[in-house]
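Both complexes below contain chain A, partnered by chain B and then by chain C.
Now for the complex of A and B:
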């Protein structure tokens, strides 16, 4: 049995190695293909909007610029009377930028590559993680730990090698946004944070680009097209940023994978409509999607605001002002949806590391461990013998702590430790417990994340 | 007057996670009609169970909340002065940022 296990491990590692080599080779091939396309492109006349006309330069003599291969590839779209050759030809000449290769960007990019956008740009600086896979369907397991842009670009090229894929392996900032966005006809906001949404919208106003904006969280999604055909910009709708407590993250609140998938597909659709000049884009309207009740509602929203600070009648928001604007300060939140900053509310002697706590546990110290995470977090995973009292209910449930301490060993003699997911709520709880008289309460620094990192690597993280 | 009041985008968490509320509300004494201004006060007193600051700021909704009266942005109907009629549907929705 043991040698069988070793064999399996060897085979698995060989497969892993070969897969890595394979994807490297594929990446090289597609990079070379792109180079070749650029060369062919430069030898031909440059198209009016500066983008590469790609295989259209093969001039089929059919008058619409579609090569025989393109006619075959896009035939099911060409057959649509309301889409047809003209829209396809517009699409092939267009360029679309997708900011964010996550839950929204994944399906958006797949469809945009498949449908034949001329040039498709991807901006992101994140790496693929295991907890992305349930919704960020453009990425495969082989790419875990690698840049999302590389992974997404490879997937797009695998679907349609005739589309020019541009990889922007950097976070979008005020310093690079003007340059990047200016190279595209349509911008798709598939980011995951409030400052990014204001920044992208303002940049689109400054550059006069249509913006397809989507958002999803939990079991709900929202979609609208901004700064197009006289419609509002994001700031017309939300002139004042929401309080940071109202900006929930997928990493805290959760999200059902298919929900951003649906919104991302709709973003692709709106971008295709704008780029190919067909249909009625979702301007001055917003689509609200409620997955749980199975409801989609399309509501009428205000038009462009005359008083908008960025796109209004008397607004003078310049490129320079954009570059100097501090979006993180404006929204009081960071330009990436990563973990919240670590608080430092307590003095050192009111805190204990997860390693030290483990030592005391092994020495049989009599104590009570209170886990202040919400109940549905506690149900995912918890430390043995911990008592779940969510922070929001702590005030009402102090008696439970008192009686647990009394039971453990003479009142106030047993130690009292508080833990949470990352070590912020536990500090808030300890602060409160100190005030109320539980002066010996200590928080476990870094919460269950540090327990998993420093004490028990097999302890699940989420 | 019967109205339907709905919450979304996470605002339902402020009212015991109930999204749709069918309510009965009286027109204030001496007033001809019920305005959104009156409904906001009623909602705050009767439906919002926690963290009212996540719903109201000053005399209106907090930034980042869209208000829709019969699927139409209340900016287009006079915001707080929008008058309500029998069977109207009022939606409060918090804007999402995730992806």
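Now for the complex of A and C:
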């Protein structure tokens, strides 16, 4: 049995190594292909706007700038009477920037690459993680731990090697946003946080770029086109940012993978319509997608606000003001949406590390462990013998803690520990417990995440 | 792409008694995103006095669902899927949508 296990481990490690090599080679091939294309492009040296596909096809003599290969590749779009050669030609000359290669950006990028945008930019500085895979369908397992931009660029090149893919391997900030966005005709906001949405919208106003904005959380999605054809900007609609409690993250609230997928596809559609100048863009309207009830509603939203601080009649929001604006302070939340900031509500003697807690557990200390996560989190995974009392119900369920303590006590005083996922709610709970007389309550620092990191690496994290 | 739905039970005005001044009007309120979490509902019937505005409806909702205060400053309102300012007067069987922004992705 042992040798069988060792064999399996050896094979697994060999597979892992080969997969890594394979994805390296694939990335190298696609980078070389892009390089070759650039080279050919420069040699042709007839490009009028930096868009290579047009340059190579000007000599086709067909009057619309599409090469025979392009005609074949995009034939199903050319056959559409309301799209046709003119729209395709517009698309091939256009450039679109997608900010965020996550749940929204994945399908948006795949379709934009496939449909024949001239130049496609990707901005992101995150790495691919296992818990992204259910929704960020542009990435493959081989890219886990590597930059999303590299992964997304390779996937786009694999679909359509004739599109120029530009990799921006950096977080979008006020310091680089003007420079990056100014190089594109259309901007797609596929980010996952509130400050990013205000920053991108403001930047689009300053630069006069149309913005295709999509968002998804849980089982709902929203979509609108801002700052285009006299329509409103994001700030016209939401001049006051939502409080941090209302800014939920996919990493806290969850999201069904296909929901951002649908919104991302619709973002690609709106971007294609704008870039190719067909149809009626979703300006002054907001699409609301409700996955659970299977409903899509489109509501009319307000027009441009004359009093908008950024795009209003008397607004003087300059490039410099943009660069100096503190979007994280404005929205009270960080530009990266990975994890919430760590609270520090309690004094040191009211807290205990997960390692210390483990020691006390091994020494057989009599205690009660209260897990204050929501019930559906508790059902995913929990520590043995913990009592689930969600923070929101703590006030009503104090009697359960009292009776558990009484039961455990016997002759000695039983200790009371509180745990949650990351160590913030447990501090709020301990704070409350202290206030109402459970003075011995202690918070386990860093929650179950620290337990998984420092005590039991096999404990699942989510 | 404007999607239509078949909630005829909420929309049918036939057979509804004609409302007189001084009586109340009944509307349907739709909650989206965070408003759904805070109320625990996706929609609710609301009775408000005749002549009430969208703003009055919001006040009434804040009484029934105090949690909504959290997003009071950052919502978009739509009345019967059209843009509505808070001073818009509500009519019988109107549908008022409360739409806070989503930022995830």
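Definition applied: the second predicted complex is superposed on the first by the 440 of 462 C-alpha atoms of A that agree within 3 Å, B and C clash if a C-alpha of one lies under 4 Å from a C-alpha of the other, contacts with A are read in each partner's own complex, and residues count from 1 in each chain.
Please note the rule applied: a contact is a pair of C-beta atoms (placed from the backbone, for glycine too) under 8 Å apart; a residue touches a chain by one contact, two chains touch by 3 or more.
The structure presented is a predicted model; accordingly, all values stated were derived computationally and were not measured.
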Superposition on chain A - do chain B and chain C clash or fit: clash
First (chain B), second (chain C), both or neither touched by A:255: both
Which of chain B and chain C A:205 touches, first, second, both or neither: neither
First, second, both or neither for A:78, with chain B first and chain C second: neither
Touching partner for A:214 - first (chain B), second (chain C), both, neither: both
Which superposed partner A:444 touches (first chain B, second chain C, both, neither): neither
Touching partner for A:296 - first (chain B), second (chain C), both, neither: second
Doubly contacted chain A residues - partners chain C and chain B: 100, 102-105, 190-194, 197, 214-218, 220-222, 237-238, 240-243, 245-250, 253, 255, 260, 286, 288, 290, 293, 297-302, 337
Residue numbers on chain B that touch chain A, as the complex places them: 8-10, 19, 53-54, 62-66, 68, 71-73, 75-76, 91, 93-99
In the complex with chain A, residue positions of chain C that touch it: 1-3, 5, 32-34, 36, 42, 70-71, 73-74, 76, 78, 81-83, 85, 97, 99-105
Chain B-facing residues of chain A, complex: 100, 102-105, 190-194, 197, 214-218, 220-222, 237-243, 245-250, 253, 255, 260, 286, 288, 290, 293, 297-302, 337
Touching residues (chain side chain A, partner chain C) in the complex: 100, 102-105, 190-194, 196-197, 214-218, 220-222, 237-238, 240-243, 245-250, 253, 255, 260, 263, 284, 286-288, 290, 293, 295-303, 337
